[in-house]
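Next, two complexes with chain A in common: one pairs it with chain B, the other with chain C.
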Partner chain A sequence: MREFSYSLAASLEDAAHRAKAAGALLIAGGTTLLDLAKCGVTEPEAVVDISKLTGFGEIEVTDGGVKIGALARMSDVAEHAELQQYFPAVTQSLSLAASAQLRNMATIGGNLLQRTRCNYFRDPAAFPACNKRNPGSGCSALGGVTRNHAVLGVSEHCIATYHGDLAVALTAFDAVIELTGREIGIEDFFLLPGDTPDRETVLQPGEIITGIRIAATPAARKSLYLKVRDRQSYEFAAASAAVGLELEADGGTIRDIRVALGGVATKPWRARAVEQALIGKTLTEDTVREASRLAVEGAVAHGDNAYKIDLVPRVVARAILTVGGLA
Partner chain B sequence: MTLMEPRKHGSASDSAVGSRLSRLDGRLKITGGATYALEQPVENVAHAVLVPATIGAGRVVSIDTSAAEASPGVRLVITPQTEMGLLVSGDWGGNRPEIVPYHPLSLDVTYNGQAIAAVIAETIEQAAEAARLVKVEYEEGAVVVDLFDPKANNRKSLDQMAVKWGDAEAAFAGAAVQVEAEYRTPREYHVPIEPHGLIAEWSGDQLTVWEPSQWTHGMARMYSEWFDLPLENVRVISPFIGGGFGSKGAPYFYGAVAIFAAKVLQRPVKLAVTRSQGFTAYGGRASTQQTLKLGASEDGKLQAIIVDGANETSTYADFTEQTEAATPLMYAVENFRSSHTLVKTNTVTPGALRAPGKNPSAFGIESAMDELAYKLGMDPLELRLKNYADHDYQSGKPWSSRRLREALETGAERFGWSRRSHAPRSMKEGRTLIGWGIGCGTFPNLRNSAEALIRILPNGRVEVESGSIDMGQGTYTIVAQTAADALGVPVDLVDVKLGDSLWAGAPVAGGSMLASSITGAVHKAAVAAREELIALALTEEGSPFRETGANTLSIENGRITTSIGDGPALDFATFLRQVRRESLEVRRDTLPEGTKPADANKFWTTMANVQGPTATDFSVHSWGAHFVEVKVDEDFGTVRVSRIVSAFDCGLIYNPKLAESQWRGGIIMGIGQALLEEGLIDPRNGRVINNNLGDYLVPTNADVPHIEVISVGEPDLEASVLGGKGVGEVGIVGVAPAIANAVFHATGKRIRDLPLTLDKIL
Partner chain C sequence: MTDPISLNLKINGQSHALDVEPRVTLLDALREHLHLTGTKKGCDQGQCGACTVFVDGRRVLSCLTLAAQAEGAEITTIEGLAGADGALHPVQEAFLEHDAFQCGYCTPGQIMSAVACIKEGHAGSEAEIREYMSGNLCRCGAYNSIVAAVRQAAEAV
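The block that comes next holds the complex of A and B.
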């Protein structure tokens, strides 16, 4: 690990100012940053610690929804009783993520910005080619072991999965990311790899995430985060789905439905085709299973990850059937 | 004094052996009071960091160390060109070639991750940074990635391992029912929670090494040979080990590097192998492949077993993962044939990982037996009982003890096996498929000699000293229990000191042989100490017993007493004072009679004298049977083990609490092997890409169900002095096939290559 300077940010402005410098990086919980520094992926010259700033760690529940400070810990949000009631998919996505130790350290802002677990990205010494790390160098994953790589949103330049869970739940419910000086809908916050996989979000140097807002909706209240994986705990998703459902007064017709996917796409993935196919329909197992197939429209397999294309519709269907009381 | 009456475990309230004493080192460990090797407070230590190769095969054409050498804090850079002046050491058997130089680092790259150089600096950060500045240029060669690589044509048939009786080919060809299938297991890793590494310190020509070790004496011997030192000049210290599983029984190249650096720099050097280097600094379990053929009559009598197995090894050394190790022992069969082939691939040489050979072997035969049961339409339990081996068909010898039938019957009863419906997919709970499976296991009983030193200290406490080790399996505890019983003192009067190669000799803590070897020696020494105390009491001036005229004395609860009326009862401290003795020291060994003192070391420092399971007139093994329930989500292909009942015959159990914990630990590793563990190898450069604990998955608590373990063993005095058989490894053997069989029962899918990940079941 190369030597770097470390300083505590005095204020948000101070942090924003210092983070603009070339080679400077913010640190919150440090669970992504230090990991990647040890792998030799990030080589910060200056690390600016924002974890001690006050005023960005609160969770405020209002009539309209919730605002979560960027410095709130994953575990605080996961265990928040009101959030568990109004946004179950959100709290579940956190309690099913990482391990208890990591959740106690890691922050919500840092969580959104976690990097891919693509093994080729994480091993620069043995795999110099990685367009995400080093634009134009190629992609070592192509032709490699790709069991955990994405099938949706991929490009010929990068097939790395976005592995975070929280952002998937937030994507289902159109959360808004608050930055220093502006705010942006979560779907626009994350970028597809295209031919610039090194650019993962719209965040500019010196911009800081200060919080996220989620509107309270009936679909968010009747929601679920389903994470499928080989190990029962402490593993990234082979595929996951955040779903929310609102039925008409008749108790059978779908008024609103939200579906977002994790573990299978290059960014948190909203499955709008599934939603559109179901709105106005009666909730039955057959309709749900059929609509769920649309979740993998346009999916592309690369070797070992082909199973994800079979798996995703099943995960989506089960999640919808579960919130709908049919599973 | 005769041998202590062997007692049934758990039954004797007055004896320590067999009682459920908690681990004596447990409190120290959970409170952070146990100092592990790399935590030793050694002053002025410099830090060494390895530079791993980033290609899978080829040659180093140049190494540029100038940037590294100029980096802050750097004291030394070692490369293959550094003249280290080492000699090749003897192998595990102690066979040593005449004066052959040993080069821990090489310009020939034979596997990805192989260390090319090492950097030693003032701090670990400086060393790590400088290690990244070492520029290595390679000439790349073709990489043989794994067993199935089409380029893998450097194969070696191990004729000496072939086993044959009867005419298996003919019997198979003529059998009414046949099963033929191929089974595979991937590369698996030890990933002990305490990573590897060492601190080396020289004082003149005396070398001290703090290193987690399953075998202080053996490692000291190999270090002494590398550095051409008398054995007694090398001291390997290892009081606590955070898991070894077979990986800490020998020194590795990096030990030589650190010790050499310490010699050059004339100061202590610490080398910590990183977690990711732990996937290549030493070998895990080799990947294996085996083809099995079973022939049976229509009523389910086995007529032939044929197994042709193979494992990968490195290009520079042979390691055999004997996929036929358990196969010939499990069932009654008149015709048997096996063969084994090594396949050279670009990997680090694989090593021993809990139950080497027996483990993948059981995956093959126990899966194939399940396949046969389904071909026959017969219950898998019934098939096993029907083909129960009443003697060892391979050696022709009787079993010393084999309570596998009791294990199968007791396990089945506790599990509720009779409620199983035979057809695959016939047991469901909503969208969850339920499956029940059986797998049996075995592990040979290995024996070796050991010594033990017992001191009665002036304060009356009893000290037992041995160079053997405790890696969590409970040596401290059973040594105290054994000494307490044989001496007649309460366990809390005994202090046990372990893990120093200068102390009394002991074999490797491997092959499940340490407990029986060491308790034999401790028992003998304690009995001798007791006899000596009694002799002193009867004869020594100042002893109150001399006057009593008693001709028998006893030691009970730490006091020397006579059976006569209200005679004196003295604790050891008082007694020693009265007979004007400072202390008492007794050293005993279990070497074969007539062993010359000069030859004794060979017993502790090599494997040459290890007695195999058929060394006597009997065939001696531990046995186990696992009953597993799995729940499979039909939509997702995810398998959850929901219940396990396992019954074992390991003879006398010295401490049921510790033995159960060993069995459970083995079973949990078996769950990992069945469902999760697999080294993922890049198909182009042979790199193990999931070389960290976030990506190489071992079971978490959430993956481990309630596990009921049962001992059905009885003391086996052919196996060891006190009647115990090996406990540490048999627990894992048979777990993976039991799970795979349960998955077949649940889903109707037979998966023959581990692990059973969801993509294979979907």
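The block that comes next holds the complex of A and C.
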């Protein structure tokens, strides 16, 4: 790990100001930053600690929904009793992520900004070519081992998966990301790789995430995060689905449904085609299985990751059927 | 060369003054600077749990914590778990009784994690223990005995 200076931010303004300097990076929980500094992927010259700032770590539940401060720790959000009741997919996405120790350290803001686990990205010494790290250098994953790479939202320049779980649940329920000076819907916050895979979000230098808001809806309340993986715990998703369901008073017709996917796309992925195919339909196993196939519309496999195209519709269907009480 | 910074770390109830480079992790500060080698370095990247310590009573990974970030906090390591009279913590007793290790390298991390797991109220069943202890890997595969030890200790404390 390269040398860097360390300082505590005195205030949000101070942090924003200092983060604008070239070579400066904010640190919150440090679980992404220090990991990548050790890999040689990020080489900060100055690390500015925002984790001790007050006023951005609270969880406020109101009638309309919840506001979670960017410095709230994953474990505190995961264990929050009211959130577990009103936003089960959100709390589940956190308790199924990483490990108890990491969840005690990692913050909500840092969590959204975690980087891909693409092994080529993480190993600059062995694989210099990586468009995400070094624009224009090529992509070492193409033609390589791609079991964990994305099938949705890929470009010829980068096929790296966004592996975070929380952002997937937030995407299903149209969360709003609050930044210093503006706010933005989560789907617009994350960018597709296109020909600039180095740009992952709309965040500008010196901009800080201060919190996220989620509106309370019937679908968010009747929701689930299903994470399928190679190891039962302490593992990223091979494929995951955040789903929420609201039925009409007749108990069978779908009024509202939300589906977002993780572990298979280059950004948290909203599966709108599945939602649209199901709204107004009667909830049956056949309808759900049929609609779930639309989750992988436009998917592109690169060798080893082809299995995800079979897996995703099953994960989506199982999640919907479970939340609908049919599985 | 970045100037060293002067830190005062409170570890197991004792204050320790040290001068370190800002990039030094809490794990390296403990092991290399303060010679508290009970806390182990496995992966150094958050993937194994061998370096688990408590910061203000919560279990964290010392390999992904900067020493500077731990200033002002109460740090507890495996060396601080036994009583002042040397009496072992019930979790340590349970690990001995169940022979919950082979090489022992993961054991300090397992024990710290287990103490926290029980305190958090996540040791109610075997499945819950396996889930909430999943951040601690054991290359020797002593998992069955570890789970048994945690179950027994959960009932004792």
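Some observations on this one:
Here, the second predicted complex is superposed on the first by the 327 of 327 C-alpha atoms of A that agree within 3 Å, B and C clash if a C-alpha of one lies under 4 Å from a C-alpha of the other, contacts with A are read in each partner's own complex, and residues count from 1 in each chain.
The rule is simple: contacts are C-beta pairs under 8 Å (C-beta built on N, C-alpha and C of every residue); 3 or more make two chains touch, one makes a residue touch a chain.
Computed from a predicted model, the values in this text were never measured in an experiment.
In the superposition on chain A, contact of A:Glu3 is made with both chain B and chain C.
Contacts of A:Val47 after superposition on the shared chain: chain C is touched, whereas chain B is not.
By the touch criterion stated above, A:Thr62 is placed in contact with neither chain B nor chain C. Contact with both chain B and chain C is seen for A:Ser233 once the two complexes are overlaid on the shared chain. Shared-chain residue A:Ile27: touches chain C; no touch with chain B. Common to the chain B and chain C interfaces on chain A are residues 1-3, 232-234. Of all the residues in chain B, the ones that touch chain A in their complex are 52, 54-55, 112, 125, 128-129, 132, 431, 635-638, 640, 675-676, 680-685, 687, 689-690, 694-695, 697, 699-703, 755, 757-759, 762. On chain A, the positions that touch chain B within their shared complex are 1-3, 40, 117, 119-120, 123, 125-127, 143-145, 147, 228-235, 238, 304, 307, 310-311, 314-315, 317-318, 327. In the complex of the two chains, the chain A residues touching chain C come out as 1-6, 27, 29-31, 34-35, 37-39, 47, 49, 51, 75, 98-102, 104-105, 232-234.
Considering their complex, residues 1-3, 5, 21-23, 25, 44-46, 49, 52, 58-61, 63-66, 68-69, 113, 116-117, 120, 122, 130-137 of chain C touch chain A.
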